[in-house]
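So that you can tell them apart, the chains are marked A, B, C and D in the order they are listed, and the count of residues begins at 1 in each.
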Amino acid sequence: MAVLPDLSVDIGGLKLKNPVITASGTFGYGTELTPFFDPSLLGAIIVKGLSLKPIPGNPPPRIAETPCGLLNAIGLANIGIQAFIEEKLPMLTKIEAPVITNIYGHTVKEYADLAKKIEKVEGIAAIEINISCPNVEKGGMAFGTDPDTAAMVTGQVVSNTTKPVVVKLTPNVTDITTIARAVESAGAQAISVTNAILGMAVDVTTRRPKLANIVGGLSGPAIKPIALYLVHKVVAAVRIPVIGLGGIMDYRDALEFLLVGARAIQVGTANFVNPKTAIEIVHGLTDFCSREKISNINQIIGGLKTI
Amino acid sequence: MAVLPDLSVDIGGLKLKNPVITASGTFGYGTELTPFFDPSLLGAIIVKGLSLKPIPGNPPPRIAETPCGLLNAIGLANIGIQAFIEEKLPMLTKIEAPVITNIYGHTVKEYADLAKKIEKVEGIAAIEINISCPNVEKGGMAFGTDPDTAAMVTGQVVSNTTKPVVVKLTPNVTDITTIARAVESAGAQAISVTNAILGMAVDVTTRRPKLANIVGGLSGPAIKPIALYLVHKVVAAVRIPVIGLGGIMDYRDALEFLLVGARAIQVGTANFVNPKTAIEIVHGLTDFCSREKISNINQIIGGLKTI
Amino acid sequence: MVEETVALKSNQQIGTNIWLMEFRSTLLASHAKPGQFLMVHLGERTKDPLLRRPFSIHGIQDGDKVMILYNVVGAGTSLLSALKEHDIISVIGPLGNGFTLPRPSEKAILVGGGTGLAPLFFLAQVLQKDQRNTVTLFLGFPTSQEVVRIQQLKDLGVNLSLTTEDGSLGIKGVVTDLLDQRLSNKGTTKPVIYACGPPPMLKTVAQKATTLSLRSYVSLEGYMACGLGICLGCAVKAAHGETKPYYYVCQDGPVFPSGMIDWEVL
Amino acid sequence: MVEETVALKSNQQIGTNIWLMEFRSTLLASHAKPGQFLMVHLGERTKDPLLRRPFSIHGIQDGDKVMILYNVVGAGTSLLSALKEHDIISVIGPLGNGFTLPRPSEKAILVGGGTGLAPLFFLAQVLQKDQRNTVTLFLGFPTSQEVVRIQQLKDLGVNLSLTTEDGSLGIKGVVTDLLDQRLSNKGTTKPVIYACGPPPMLKTVAQKATTLSLRSYVSLEGYMACGLGICLGCAVKAAHGETKPYYYVCQDGPVFPSGMIDWEVL
């Protein structure tokens, strides 16, 4: 029998056995989908975005479906970093895949405090910073829309941890490359592109917004072309690895992101539609490489032919 | 029998008998779809984007389908303003709906020259400025991504015409309200939101971009939630009328845009799927108003309930 | 909880916009409890609509036949209704908590509005099998056009009463009228109420139950993206004094003791 | 050009991934010319895939029966293949220019690769009805599995030869081998060539035609969004020296004299 292709990738010092990661907020606290497959088989797991204090989240309705997409305004509901470490992490450490915590704060200091807390904890392999949330000190514009603020958040986290730091960018900017370069300069080991895109929907019968929060984040296949373009741009702008996500539903979608240069990919909304998506992508990439006689996945990454 | 509801709206001095307009680049030069319905029944018609000189357009493939969306990189192919005036306009003037020309230039001066040319022509009711195209003098960033450049283009067109000027914004910006306010201050009589969103797609079999141009504009239902959110924001930011578009496929989609405050709507990609979409939306709005006992469409505009 | 790919045994229209779908699954049939639900995939051919749709388990028959009773209300259910015998779908389940069954001493009153009948049929199946107490079932529909599954319910031996809003079948009125009437009848032991239907109906039931200090369970239909507890999309506001600000319909429910829910904002 | 909503008369699999769809439309049947195409809507239940799909008119029978022969290659054709008798679809057509028929004195050679057969069947129908000259039809397929509609073509009375790449039916090789052979046969009058199939095959045909100064028409399959001349999506590069830089397949074609196309970039 043929030798299995090598799917392992290196994300800023973090070694993954394959490039398939579950996206924050779409995989619970990491163990909920074990009835469907063993998460140890994934490249890594990113858990629900965590804040210093527990957050109840937004009033319902929190979700609305749009053509090939999902709008959500969960309001970053989470149990808080402390409860996560005490109640969820012990179960997670049994999983033989790196666990990445996704964090967000309302102020730069909150990000720093989260980094300090996580630094002391074993069993967390890396930190992903969500900078798509409103900066309460700066009038509510997202941290990730301004290069200086993005760099400041990144710098504060990097200087308070020895773990690899991934910065997850917001797509809602004029030029994503300026933000990407800013966080790279500030010490990020990798960049995730993209978070959900701002959107809204209206129920014409009730004449109300479909989300109680009015505005939400759009994810799912609808945004795939936009996400792919942003990844393509960021890959060209920075040297650090880029993790691609946005609308990935199967291994062919994953390949699109790898071809434009993503070193790994994340599966988000697809987990809701088919909870086995992530593991099926691992299998799909393995089969694809075998079929195409590709011994190492790195041969595909950035392999887009443009001439 | 009941009196028909009044669907007429006023867009910066331009009176439309109903709020349904066909979007630039999706309705040809205005008469191609007459086998399907009489365009005189529409609120207005916006023709294919015109430049000073004819433009052959991009090499194929120019289009690619994405989940609930269409990527296009037509390359603004058009016959040029002169040929349009000589060959197409005579046929168009027989249509009893205002004809709006959509224009774009590579430099600010080209926009001004186009405005001068159009000013002399009868049968053109208004000008829509496409500012989503690359500014060759400023390194290729789109005119519409910078408030000053957007204002400069708007000002040049406004000062060279007595016709109402509509500025069509690009969605690819961090804060669309700053651009909206800039073009309003520069004298625009109305604003269209939104043009297509930058995106790309890859054919994993050939490992090539699906568009020869690599990058294209995403349109269709996939972008509707994003477009709706942008319209919602712009409506709150300016006093001039806003025309909403992006993914409108039927009268219910149109109602979503009217409810968030769009004074009129445009139908783009939907024309390709069902060439009768625009007229069906006119009928759909009429029936809706009759059913809901709404005598004037202005009672719906901005009628979103948020508390 | 399993994901299974099943071939439809049948999928038929049985009322105005109402369809009954049947497939065989020993696994689901043997594990399912009344009040639990399934997340049904709409088919591999399209990504629009994107998400699975939640449906109550309507009943189990012949040991392995699982039934879903559904209303065609939008794009997703319209796609489902186009499926034919032998077509393949993926279902995930059984999900959620299910109804807490009455104690042997208690009488159960089931109250259903429209397709709220869906999970109550299964509950009636199970309770009638127990043969401890005859189940009382009150069902309300807009018109006789929407009335379905009556013969099958009668076959179960339940004590059935009907209302229609236009009076075209059964008693003219809404289903909570029947409940009112029954509860004003002080003679009998305190019943446990099981309700499923539109939110205003559930609210009325909850209020009556509170007033009369009755135990009552309501099955809610929140918007769901995953059904698996991972999206946190299906929040409902918990009643004042509960330990959590929100409950999640797919995990903490879909069945709730009516006192747990904040009915002001539902 | 009309938009018509039609009920399917049949939609059947007739080969590996190949289906034949039939519906009645007096309007389309009476106006359609060989080489023209239809834009077929994929149904109201979903927006994914979004766009209509272009298909050649495969033939007209019994005065009003319109046929489409299609290959299931992706999501859109997969959706189409799930449609059953009586299902309703919207079609727009007839679109495009169609084949320029041969002069009475000319012999026609039709060359089809795979489902390139689709429009050639209709062309053969029309030419055979003329009875002026027996039509020669060369068809190539990967294997015998993809070979369809042979009996019907024989019934038309065409002079048919087949190739398969694996030799499982007809002559082993590609369809342009047959053309080579026929054209090396100098005796006869100059034929007009009509070709439809994958671009490399069309390119070979075009080159042979140029070399031998033969008139040849190719039917192209560009990516189309509208099929109506309004999106400018279906551009193909015109040959050097043509008056336009690009032709539009839906308007200027889908049939082109092979000399009009720049084959270097196709």
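Just so it is clear, a contact is a pair of C-beta atoms (placed from the backbone, for glycine too) under 8 Å apart; a residue touches a chain by one contact, two chains touch by 3 or more.
Keep in mind that what you see is a predicted model, and the values were worked out from it rather than measured.
S.K.: Comparing centres built from CA atoms, which chain ends up most distant from chain B?
M.R.: C
S.K.: For chain A and chain B, let me know how many angstrom lie between their CA-based centres, rounded off.
M.R.: Whole-Å distance between the two chain centres: 34.
S.K.: CA centre of chain A versus CA centre of chain D: separation in Å?
M.R.: 47
S.K.: Could you check chain B for residues that touch two or more other chains and list them?
M.R.: Correct list: 67-69, 220-221.
S.K.: Can you tell me which residues of chain C touch two or more of the remaining chains?
M.R.: 47-49, in rising order.
S.K.: Is the chain-to-chain touch network here best called a line, a ring, a star, complete, or other?
M.R.: Its topology is that of a complete graph.
S.K.: Which residues, counting only chain B, touch chain A once they are in their complex?
M.R.: These residues of chain B touch chain A: 66-69, 71, 141, 145, 172-175, 197-202, 204, 206-209, 214-215, 218, 220-226, 228-229, 232, 247, 252, 255-256, 259-260, 303-306.
S.K.: For chain C, which residues are in contact with chain D within the complex?
M.R.: 45-49, 75, 78-79, 82, 84
S.K.: Per the contact definition, I'd like the list of chain A residues that touch chain D in the complex.
M.R.: 67-68, 221
S.K.: Would you pull the chain D residues touching chain A in the complex into a rising list?
M.R.: 47-48
S.K.: Chain B touches which residues of chain D in the complex?
M.R.: The contact residues of chain D facing chain B are 1-3, 41, 47-52, 90, 92, 222-226, 228-237, 245-246, 265.
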